[in-house]
Amino acid sequence: MSFNTFGHLFRVTTWGESHGRGIGCVVDGCPPGIRFTLADIQADLDRRKPGQSKHTTQRQEDDRVEVLSGVLEAEDDPETLVTTGTPISMAIWNTDQRSKDYSDIKDRYRPGHADYTYDVKYGIRDYRGGGRSSARETAARVAAGALARRVVPGLDVRGAMVSIGTKGIDRTRWDWAEVRRNAFFCPDAEAVAQWDAYLDDIRKSLNSVGGVIEIVATGVPAGIGAPVYGKLDQDIASGLMSINAVKGVEIGNGFEAARITGVDNADEMRMGNDGQVQFLSNHAGGILGGIATGQPVVARFAVKPTSSIMTPRRSVTASGEEVEVVTRGRHDPCVGIRAVPIGEAMVACAIADHYLLHRGQTGRV
Amino acid sequence: MSFNTFGHLFRVTTWGESHGRGIGCVVDGCPPGIRFTLADIQADLDRRKPGQSKHTTQRQEDDRVEVLSGVLEAEDDPETLVTTGTPISMAIWNTDQRSKDYSDIKDRYRPGHADYTYDVKYGIRDYRGGGRSSARETAARVAAGALARRVVPGLDVRGAMVSIGTKGIDRTRWDWAEVRRNAFFCPDAEAVAQWDAYLDDIRKSLNSVGGVIEIVATGVPAGIGAPVYGKLDQDIASGLMSINAVKGVEIGNGFEAARITGVDNADEMRMGNDGQVQFLSNHAGGILGGIATGQPVVARFAVKPTSSIMTPRRSVTASGEEVEVVTRGRHDPCVGIRAVPIGEAMVACAIADHYLLHRGQTGRV
Amino acid sequence: MSFNTFGHLFRVTTWGESHGRGIGCVVDGCPPGIRFTLADIQADLDRRKPGQSKHTTQRQEDDRVEVLSGVLEAEDDPETLVTTGTPISMAIWNTDQRSKDYSDIKDRYRPGHADYTYDVKYGIRDYRGGGRSSARETAARVAAGALARRVVPGLDVRGAMVSIGTKGIDRTRWDWAEVRRNAFFCPDAEAVAQWDAYLDDIRKSLNSVGGVIEIVATGVPAGIGAPVYGKLDQDIASGLMSINAVKGVEIGNGFEAARITGVDNADEMRMGNDGQVQFLSNHAGGILGGIATGQPVVARFAVKPTSSIMTPRRSVTASGEEVEVVTRGRHDPCVGIRAVPIGEAMVACAIADHYLLHRGQTGRV
Amino acid sequence: MSFNTFGHLFRVTTWGESHGRGIGCVVDGCPPGIRFTLADIQADLDRRKPGQSKHTTQRQEDDRVEVLSGVLEAEDDPETLVTTGTPISMAIWNTDQRSKDYSDIKDRYRPGHADYTYDVKYGIRDYRGGGRSSARETAARVAAGALARRVVPGLDVRGAMVSIGTKGIDRTRWDWAEVRRNAFFCPDAEAVAQWDAYLDDIRKSLNSVGGVIEIVATGVPAGIGAPVYGKLDQDIASGLMSINAVKGVEIGNGFEAARITGVDNADEMRMGNDGQVQFLSNHAGGILGGIATGQPVVARFAVKPTSSIMTPRRSVTASGEEVEVVTRGRHDPCVGIRAVPIGEAMVACAIADHYLLHRGQTGRV
């Protein structure tokens, strides 16, 4: 990981700001021969896109991805692109670049945002819409993740919201199909109406709320990952923690593991009828000693409430004046909702990366 | 991060197994002119050392560190070592290398351990005492961390246990001095007796339990850290998650941030009498947009219960035989306790690394 | 260095092919506050551009650079851009993308080109104009180098051709001003006419020739660079060797050092009137033990003759058919000529990178 | 590459100084299941060892390697070690650590050495025997190289001196068996006597001389290597240039390529009887576009004359006093001789690294 690059062999570098020319990424180290369509990537981007319900910002970001390098059209289908093994550059142009009036935020530090820290660090700051610290950067990750998903045969990475603010779900009602049906990526159909009303209240009270997202990856080959600073769970945690507004990450039963006993936490093993080792539970979240067990990899992350709220908060300006900050305009009352496909992308990238690393070091697949 | 190296500029590579010749680390990129004594490092190692109370394993590991390179004796004091800017190699030799009888664990996969995944990954495994996956590896991190602490002027990194199993603390009684007085690194004097009895019960019932550790770093210069994949919180999370048995990491209020509202979560700002920006709270844990605010950096991590327990658990052998595994011998009923200095070390290393990175890119200190 | 990225802190990632959408780079880790104009970058790009004399290819590449991120307009001058410390993405679009007829090269391996090796490696190859292995990729390096030059105060990096094929120069006539006056970057005015006639002959005989380029950097701060795998000369050699068609690299007197004696090769030292150490010669090329002495850094690299020639050469096709390959169209009879600004860029990037590294580790400037 | 680490997946970190506790390396990312004996490593170390002829320094370095981690004894042969996939730590202890009198070099900068630059960079310097800049560091590379050789099936890496000072060889007499028979690694039996007399003269005149070494690797799988900053030739050049006293590196015909024409330089191709592509010459040195062709990889590097000579050279002290420096004691009149196994090791490491990288990205072997 360097400043704007992550990954060891499957390496993703992102660039861009929310109000400049656009954002993009360069995916280096992708295997040759990976087939995909623009529609594949667009489908993931569309799930992240704002403006899809009353609970996400109404800004219209027309997130059309353009692939600039690293692919050829498939000989058998011009719609299908095939990676050549060279860097895949992708861009998502900012369509609305007209000069807005940012005078109200140019010099004032919005609480919960990175305005102050960018100024302290760099002595200069792109104040337009958050600049580099804007969540818009995450669209580039989603595009990279769409490729990563295709690198590992049989891999499936899905995400769902498991709580919004104080509202959780009933896990016995978990239904992946439901996740695609509602605006919250909620796996519990009965919780949806409750969440809807709850978020309406939050928004009307000029407030916001956070949430917790769970990512589940199946088809993760046993053996990928590595000790001791190349742990698969470590790289997943690192990737998820790099998402804007994320304040916590768990693998498997996570913090719950600290509360239960060793007897209860043990994932016992038996031989399956297929002659393979079978785990009788998955408290570990599919990873032991940093290496995948072959069980589903399970990670959760906590997103803080949207910092841009219409309730005034006390702050200061760059010149030291004390002010009150109110963020006007429509913002997601829960930015966590749109973080679901972003979390999927980061987990997919980490798994693809470790798949290549493992193949490199051991020659096993 | 590669397999056994972490850090960007302040880079730590560790090596070694629990029952081979020893363990060690190479610290590369350390600034020249850092002064320290062997006693400085030993003090941190001693806090991690087993056998210090009835609640940690009674094995006697005489963790004497030897510095093999990268230093000169100070001209004004032969006890003081001064770094020269070249790699600092440190070793901790295994003193008890006599050949034990490992036949009971050689072929059987202990639940919760990395036995199975190492075999799947590498096709070969050092079964003696856990080999590379042994917690003994963490002694090397503690040695590296002792240097890292000295890299950043004014930095102080301290840790404490905030819960053991189901038992927490009363934060209003937090006392850093108390942390050094009890065997649990517990900051709440009144909780100590309760924890003591609780762990006795756990051990007598042939069971184990996990815990949560909180690390607090003060004196972290505002501005260190970086967007977007070189975030300070991300690198801290990555480092903590790389510690054996860690299943979750939080920054600031962490998962609690997902439950409260944006109004409550905002860290408001005012100007201090010293003309510096003052935050009125620290929900963010000292980091915004991946960059330090100058407030204390606060991180917590969850350690799962000790997997080595005397209660039989079902498992299989490498050849597919179904067996029951019981771990004999004394093991910590709560491995989390000894993780406190390890967590401190990982946070200190991340901060030292970002201090150098920030100085490199911006020329600011 | 990964596949398509170089540099430690000043990191450059390039992407793109000769006949796709375009080429570009992402420069990460650039310090904030660096001021430049598009004209600054364009001036360097123009020196690399083909079609400038009869001795370089007549293809018209309109290498206009576009800066996509990482900058703000200077408040005092809208023509001046200021880096913000975030990644600077630059693109140079391919203006002539019409579909040509590549059927004559699609399946046949051109001797001296990477056609065969790309096919062996990836099993798929972008055959259009050389794809990723096209020298067009180097324009992105030149753009990055234009920024690198501005990172180190007082740094000046200049290059010149010191031989073309069998024709050398008289070093006593070295004149940097002359380098800018002729089409060969030749520092010896009297050699120019001779080289001109020589290259005419080469081209008329349907042949090509190589050359040697010398890069001289002044204003390199003493102390930058590092032992033992972060040597400044090593990173310069690595960067120069990564340029297409380069087969050799020298530092200082290079291979000549292997021929002379230790007495003659010693760079003796005396104290200058300014109280600074003065070297009485510079056989070392400004670097000792991988660290800059403060003298001019001198590097040379050898470029092989253009592989695309109109004289038939024997080869094979992807399907194993034996063929003769003739490269039609205008190609540089000496690709080395245009490598001068590319070599400058790679040296400038290495120096900027080590400047930041040194500042990071030692805090010295 | 960081300061003291090289390699992408097969990563080598070295540490140590010439007169401290010892030197060593940590090899990370080595595949599991590689079998070797201590004697294998020792054989390579012994070829680098000083004191083997009157032309190398008479210091007795008893370079016994100790393997500290990352291996198990083979079940079928206790003499054979098997890598486990975890870091392999190796140490070579300094046996003669008695305190010498270094007062004559402590403060004076020896011309050609890194004394001055270390002081400028770090402000502190281990003056004992050159400290970190001592050629003794290269023993650790040789140990790592001995492992690297075993990573790629069928790989053979050999080196020879092709010139000493002004004395070359007759390539028509090249005999690899002869290389092992003489003290110069000279492949031309008739040149040996001439070199012997020449070096005697050099030594008697209190002088020294450099040399050129050629490394030839056969069995390099076609397809390893990568564009454009992960080129195999680039990484070989980087590795060779990192060796002490190396001032130039060539691949294939190297600088000669700049002198000949494209017609002559073309490596034409035909189909072999085995249905494989055959190159009719190897000017390219086995690498095209950074990727191996399957032909022998050929690299050469120039070593400057030994800087430690008994002829006085002018210099200065750390405090600015002008002095004459004479290096007493026996030093190699040509340090290049002992660089042969070091060059082999660096080339072997680069090839092993790219073998793993290629397998990781493409899944091909």
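Residue numbering begins at 1 within each chain, and the chains themselves are lettered A, B, C and D in the order written.
Just so it is clear, a residue touches a chain if its C-beta (ideal position, glycine included) is under 8 Å from a C-beta of that chain, and two chains touch if they have at least 3 such contacts.
Keep in mind it's a predicted model, so treat the numbers as computed, not measured.
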{"item": "Pair with more cross-chain C-beta pairs in contact, given A-C and B-C", "value": "A-C"}
{"item": "Inter-chain centre distance, chain A versus chain C - centres from mean C-alpha coordinates, in Å", "value": "38"}
{"item": "Centre-of-Cα separation between chain B and chain A, whole angstrom", "value": "27"}
{"item": "Distance between chain centroids, defined by C-alpha means - chain B, chain C (Å)", "value": "45"}
{"item": "Touching two or more other chains - residues of chain B", "value": "2-5, 14, 29, 32, 85-86, 121-123, 132, 227, 361-362"}
{"item": "Graph class of chain-chain contacts, one of line, ring, star, complete, other", "value": "complete"}
{"item": "For the chain D and chain A complex, residues of the former touching the latter", "value": "9, 29-32, 85-86, 227, 356-357, 359-363, 365"}
{"item": "Parts of chain C lying in touch with chain A, wherever the complex brings them together", "value": "2-5, 11, 13-17, 20-24, 26, 28-29, 32-33, 66-70, 72, 82, 84-89, 91, 121-126, 131-132"}
{"item": "Footprint of chain B on chain A - complex, ascending", "value": "1-6, 8, 14, 109, 111-114, 116-118, 120-123, 132-133, 137, 163, 165-166, 202, 207-212, 222-231, 233-235, 237-238, 241-242, 244, 247-255, 257-263, 265-271, 275, 277, 280, 283-285, 287-294, 302-307, 309, 311, 313-316, 320, 322, 336, 358, 361-362, 364"}
